[in-house]
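Down below are the structures I want you to see.
Below, chain A partners chain B and then partners chain C, in two separate complexes.
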Partner chain A sequence: MGTVPGQAIFTDVPVVPPKRVGLMRKVYRSRADYLYVLPAIVVMLIVIAYPVYYTIELSFFKTPASLQLKDKVFIGLDNYAYLLQLPAFWKVTVQTLIWTVSSTLFAFVLGLGCALALHREFVGRGILRALLLIPWVVSAVAASYVWKWLYHSDFGAIGALAVQLGLTSEPINFVDNVQTALPSLIVVNIWKEFSFAMIMLMAGLQTVPDQLLRAAQVDGANAWQRFWHVTFPHLSGVSMVTVLLLTVQNFNSFIIPFIMTGGGPVGSTHIWITHIYEFAFQRQQWGRGSAYAVLLFLIMVLLGYFYVRALTRGDSSRAGS
Partner chain B sequence: MAQVVLKDLVKTYGTVYAVNNVSLTVNDGEFVALVGPSGCGKTTTLNLVAGLIPITSGDIVIGERVVNDLDPKDRDIAMVFQNYALYPNKSVFKNLAFPLEMRRLPKAEIEQKVMAAAKVLDMTHLLQRKPRELSGGQQQRVALGRALVRDPAVFLMDEPLSNLDAKLRVQMRSEIKRFHQDLKATIIYVTHDQLEAVTMADKMAVMNGGYLQQYDSPAEVFANPANMFVASFVGSPAMSLIPLEAATNDGNVVLHSSEGWNLPLSAANARKANNAKSKKIVLGARHSTIKLHKSAAPGAVPAKVYTVEPTGDVTFVQAFLSGSVVNISLPPSVPVSSDEQVWLEFDQDRIHLFDGETEMALHAS
Partner chain C sequence: MSTMTAGDRPVARRKFDGWRWSGRVFLAFMLFFTVMPMAWMLITSLKTGFAAMQYPPQWWPAEPTLDNYTRLVDPRSKVGQDFLRYFWNSMFVSTVSTVLAVVVAVPAAYAFSRFRFPGRNFLFFAVLMRNMFPAVIFLVPLFILMRLLGLANTHGSLVITYLTFGLPLAIWLLKGFYDNIPIQLEQAARIDGATRFQAFFFIVMPLSTPGIIATAIYSFIGAWNEYIYAYTFLTKHEQLTLPVGIQRFFSENATDWPGLMAATFMMSVPVVVLFLVLQKYFVRALTEGAVKH
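The block that comes next holds the complex of A and B.
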C-alpha cells in the first residue's frame, strides 16, 4: 500500500487509551435504572426465586408421611436415582414427548393453514377469524369438561354421531381406553391452542413484503413456490418463537389431562406435570415430587434459553450495522 | 427484444381512473421513461404491462402477442423493483438462478447463464453472499442481474434508483444507461425524478392524473412542452409560468399585466396568442432564457427580487413578476440582492405561450 499524502500528520499523535470505567462506577451511574426495576425484582424473588430454591432443597430430602415437614431426612441424590430407575418415569417421559411434539406440530401446521386461508380477502373473513379464536379464549377447564362429555363412551356426541353415520357399530371408547386416551387428549390440546399459532402467523404474514411476492410472480413462481420461497422463509422467526412457546406450554400442560383423565387409565395419559402432581399431592412424597420438578425446571430453562435467543436473534447484527 | 404497444389502456379502481386511455408505442430497443408526480399512474401502468394487476380495458401488445390475459411469467418480461426485492434467505447466486429454476432449465445452463450475468454486472465475487451483506448499489445490481439472466423481451424498472443515496444514484444511472446501450434492451423505466428520465431515456412519457401528457424525446419535451403541466414538471428549476392577458396596444398584440405593464409580442408569438380560446394567456420561460437588467430597458418588464441562491457556477434568482415567481439564472459575477428592483427581458424566440383556460401550448398555425 502506498502512503497517502497528509496521513503522516496523524501518525505521530500518541494513542491515549480511554479511561477504564470501574464496574461499581457503572452501576452507580445507572442507579436510577436499578431503582426502577427493584420492586419487580423483589416480587420475583419472593414468588419465584424462593419456591425454586425450596423445591431444589426438598429434592435432596425424604419426607416420610409420619413426620412433620421440618423433620425431613437428607438423602442426597437418592430421589433422582429413584426416579431415573423407575419404569413409570420413563413411560411418562415418552408420553410427555409424544404429547408435546405432536400437539406442537399439529397445532402449528393447523394454525399456519388457517392463517394462510384468512390472509386472503373473502366474504365472512372477520366472522371466521373470530370463530377460530374461540378455542384460545375459552377457559381450559370448561373446554376439558365439554370435551370429556363429547368423548363420553355412553353419552358422548362424537360416539353417537359416529354410530348414526354408520362409521362404527357402537360408540368409540375414547378416553377410557389405554390405546386411544392419549391421542384423544392431544386432539383436544391441538384444538385448544392452534388459534394461538394462527394469530402469531397471521401477524407474521402481514409483514411479508408485497414487492417480494410480485418479484417472485414475475420470476415465474406459482402460488406454492411463492409460499415456499418467499412467505415461509419470511415467517421463520415468528415460526421459531411460536413453536418454542407452544413447546414450553405443552411441556407444562396440566389442566386438560388432569381434568379429563387424571392421568389414567393405568397412567396412559400421565405427562410429567400430572405425574409430579401425583407424587407430591396424592402420595405426599414431597422429596420425589420436588426432584421430578427440578428435572422439569432444567428442561424449561433450556427451552427458555432457546426462546430468548430466537427473540433476540438479529439484535446484535442490527446493532452492528 | 421486442416492441411494446399500449392501446387505449384503462385501469379503474371503483370510479377512480388510475390510468386513463394511455396509448404509446415503445420501439424495439428503446429506453422509455414513464415520469410524473406521485399518483400519476406511472407505476400502475408498469404493473399493467407486467401483468401484476388486471387491466380494465384496452390492449397490451408485447412483440407480436396481445398479452392482456397472460400471467406475468408468460409475458416474457423481467422487472426491477424499487426495494430491489431480493430473496433475503437466498445467496446472490440463488437469487440470480431463481427465475431460471422456476423455468426448470437444466442445472448446467442455469449456472452458465448466472455466471454470464454476474460477469456483465461485475459481481462474480459477490455470488456467495446474502443480500443483507451487500450495499444498496450492489443489491440493485443483483436485481438487475436477476432481470438480465432471463433474457426477457422487455425490462420493466420501477424506480430502481429511489432507494440509493444521491452519489450512488448518479453512478447507477450511468450503469443502467450503459446496460441499455450494450444490450440494446427494450426498457420501460418508471421514475418520479424528471432528471433521471431526461438523462437516461430515448423517449419520455410524462403522466399526470392518469393521463399521458406528452410522449416524445427528452429534448423535444424540454423544448416544446405540450401543456403547462409538462412545462412545470420537466426541467430544473421549473419553467416559470406567468398568467397574463392578451391585449392590443397601437395595433400590436401585447401581454398585459395587472401590474400595468405591457409585454409586446413578436409576430409569430402574436399569432399564437390569437389562437387562444380567451384572452387569458400564460407566459412560460426557462431560467436561462430570461435576461436580467439592473435598470429599465426597452422590452424589459419590472420585477422584484425575492431570493438569491448562489450555487457556485450559477446563481439562481427568484423574482416576483406580476404576482408570479420567476426563476432566472445568472453568472455569479452579477451582484443582485433581495428586494432589489430589476427588469426582465424575455427572448421572443424562446418563450412559450399557453392557453390560460385549456392549459395547452399555443401554436402559430
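The block that comes next holds the complex of A and C.
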C-alpha cells in the first residue's frame, strides 16, 4: 500500500498525467482498463440500475394487482401522499426507529465489550471467539425458528426457566403480546449480529499502538482512562463504519420479524421492510409498495453517503492518485 | 494481521484486577447468551415430539433419539425426499451464483485496485452504495424482469438475483486483498517481458487465492442464507431452497418442533463448518476494508 513507486512501467497508465489531457483522450488511453470492469458493469446495470429505476417509475403509477404493466395508470405523487397520511405508516416508522436504534446500540456495546475482553491472550480465546461468531454465520431463518421455539408460550425454554428461577409465576407470552413482542425480536436481532461488531472492533483494537498504552500507564492513567483517552479514539474510524453498517443492516431487516411474527400482533412488530413487503406482495398494491421502497431508498442513499465517506477516507492516499 | 499480538499487553499484575474479572464475567454471560439457543436447538432435536411438548420442559431428553435426523436424510420417506431436494437446490444455486460473482468480480476488483481510469471513483462508489440498498428495492422490478425473461420459478432467477448483492460485495472484498499485494511483483514480471494481463493472471491471481477463497465463502454463505427472493420468486414445490423449503414443510405440520430443530441444525451445518475451517480468511475479508493498518 502507500505509495506505488515506479508505476510508470505501466506505460499505458500514466499515474500523473503529464499535461492537461482531454477526458476523451484519457478514456481512450485507459480503454484496456475498462475491459476488466466491463462484465461487472454490465451485470450491475441489469440487476441493480434497472430495478432501481423501475421502482421509482412504478411509484408514480397505479398498477393493477395482476401486474399487467400495460394497464398501469399515471397518478403522480398520489402513492406518496397516501402513505404520508396513513397513521399505520407513522406507527411503523416509530417501530422501525426503535428497532434500528436499540439493535444497533446494544449490538455495538456488547460487541465492544467482547472485543475488549477477548483482546488479551488466554487459553481458549480462539474457541471462544469462534463460538461467539456462530450466530452471525447461521441463517436468520434458522435463528428465527430457534428463538420462536425458545419463546414458545407453552413449552418455551425461556418462560420455563424464568418460572423455575422464581422470576415469574407463569410463563410469559413473549411474542403474542403487543408490549413484549418488539423487544423480544430485538433481543433475537442483537443475538444475531453483536459478534459482527465484535469482530470489526477486535481488528480495530490491533491498530492501537502498545507504546501509547504503556506510556499512559507509566504516566499513571488507570484502566478506564487508558481506554477512554487512548484506545477509544483509535477505534473511532472502525466504530463509525461498524455503527453505520449495523444501522443499514437493521433498517433492512426482514427475516426475523417476518418469520417470527409476520408483523403481528396487531402490527406491533412491523418495520418498514416487512410493511413494504405486505403492501407489494400480500395486498398487491405495487405502486404504494414501490413508493414506500423509494422513501426507504432515499434514507439509504443518505446513510450510504456517510458510509462511503467513512470507508474511503484514506483510500485516495493509499491508491496514490 | 493474522497474528494477534496481545501477549505483551501492559497487564497490571497486582492483587486483584477488577477490570479483568468483570471482563471474564461479561464473557461468561455472553457465552451463555450465544450458546443457549444453539444448545436448546440441539437438545430439542434429540427429543420425540411428545417429549418436546411438556411443561416443565425436559432439560435433557429422557429418551434421546436420532429419529428426527434419520427421517430427514432418508431418501425413502416423503420428508427425506423433500429435505434432500431442498438441500441440493440450495447447494446448486449458492455454488453457481458464487462462481459467477467471483469470476466477474476478480478482474473488476483488480482494475479498481491497480488502474487509474476515468470514472473509477464513481464506479467504485456505485459498487459500495449497493451494499446499502435493501432487497425490497429490487424485489418488485426483478420479479417483473424474471417474468419477462421467462425465468420466473427457475433457479436461474435466483442465480441472477443473488448477483445483486454478491457481486458488489465480492468486488469490495477482493479490492482490499489486491491493495495489499505489492505492485513490485507485477513490475518485476513486466520487466521480464510479461504482458499486463499475464502479470495479473500468473503473478497476482495465485497470490490472491486466500482472498478469492474468503470472498467465495462470503458469497456462498450469503446465497445459502438468502430468504426473501427465494420466498418471493419460487412457488413450485420441487424448486424451493432450504430456508423457504423448511418453512413450507413445517407450516404443514406446525407442531413438529423437534423435526424443525433438526432441520435448522442440518441447514446450519454447512455454513458453520465452512466458517470454522476458514475462519482466518473470513475474518480478514470482513475487516480488511474497514481497518487501515
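Here is the rule we go by: the second predicted complex is superposed on the first by the 290 of 321 C-alpha atoms of A that agree within 3 Å, B and C clash if a C-alpha of one lies under 4 Å from a C-alpha of the other, contacts with A are read in each partner's own complex, and residues count from 1 in each chain.
Just so it is clear, contacts are C-beta pairs under 8 Å (C-beta built on N, C-alpha and C of every residue); 3 or more make two chains touch, one makes a residue touch a chain.
Keep in mind it's a predicted model, so treat the numbers as computed, not measured.
Taken together in the superposed arrangement on chain A, chain B and chain C fit without clashing.
Applying the stated contact rule after C-alpha superposition, one finds that A:141 touches chain C and leaves chain B untouched. In the superposition on chain A, A:209 contacts chain B only, with no contact to chain C.
Legend: residue contacts after superposition of the two complexes on their common chain; A:242 is shown touching chain C, with no touch to chain B. Once chain A of one complex is fitted onto chain A of the other, the partner contacts of A:259 are limited to chain C, with no touch recorded for chain B. Applying the stated contact rule after C-alpha superposition, one finds that A:217 touches each of chain B and chain C. By the touch criterion defined above, A:281 reaches chain C but does not reach chain B.
In the overlay built on the shared chain, the residue A:178 is in contact with neither chain B nor chain C.
Looking at the superposed arrangement, the partner reaching more residues of chain A, out of chain B and chain C, is C. Between chain B and chain C, the smallest C-alpha to C-alpha distance in the superposed model amounts to 6 Å. In the superposition on chain A, the residues of chain A contacted by chain B and by chain C overlap at 214, 217. Taken in their complex, chain C has these residues touching chain A: 1, 4-12, 19-20, 23-24, 26-27, 30-31, 33-38, 40-41, 44, 52-57, 104-105, 107-108, 110-113, 115-119, 123, 125-142, 144-145, 147, 160-161, 163-164, 167-168, 171, 179-180, 183-184, 187, 190-191, 196, 221, 224-225, 227-228, 232, 243, 246-247, 257, 260-261, 264-265, 267-268, 271-272, 275-276, 279, 283, 286-287, 289-293.
Within the complex formed with chain A, the chain B residues making contact are 50, 52, 71-73, 77-79, 81-83, 85, 87-90, 98-99, 102-103, 146, 150.
Interface residues of chain A facing chain B in the complex, by the touch rule stated above, are 209, 211-212, 214-221, 225, 229-230, 233-234, 236. Residue ranges on chain A touching chain C, taken from their complex, read 1, 4, 6-7, 9-10, 12-15, 23, 26-27, 30, 32-37, 39-41, 43-44, 46-48, 50-52, 54-55, 58, 67, 69, 110, 113-114, 116-121, 128, 130-135, 137-143, 145-147, 149-150, 152, 154-155, 157, 160, 163-164, 171, 191, 194-196, 199-200, 202-204, 206-207, 210, 213-214, 217, 223, 237-238, 241-242, 248, 251-252, 254-255, 258-259, 273, 276-277, 280-281, 286, 289-290, 293, 296-297, 300-301, 303-304, 307-308, 311-312, 314, 318-319, 321.
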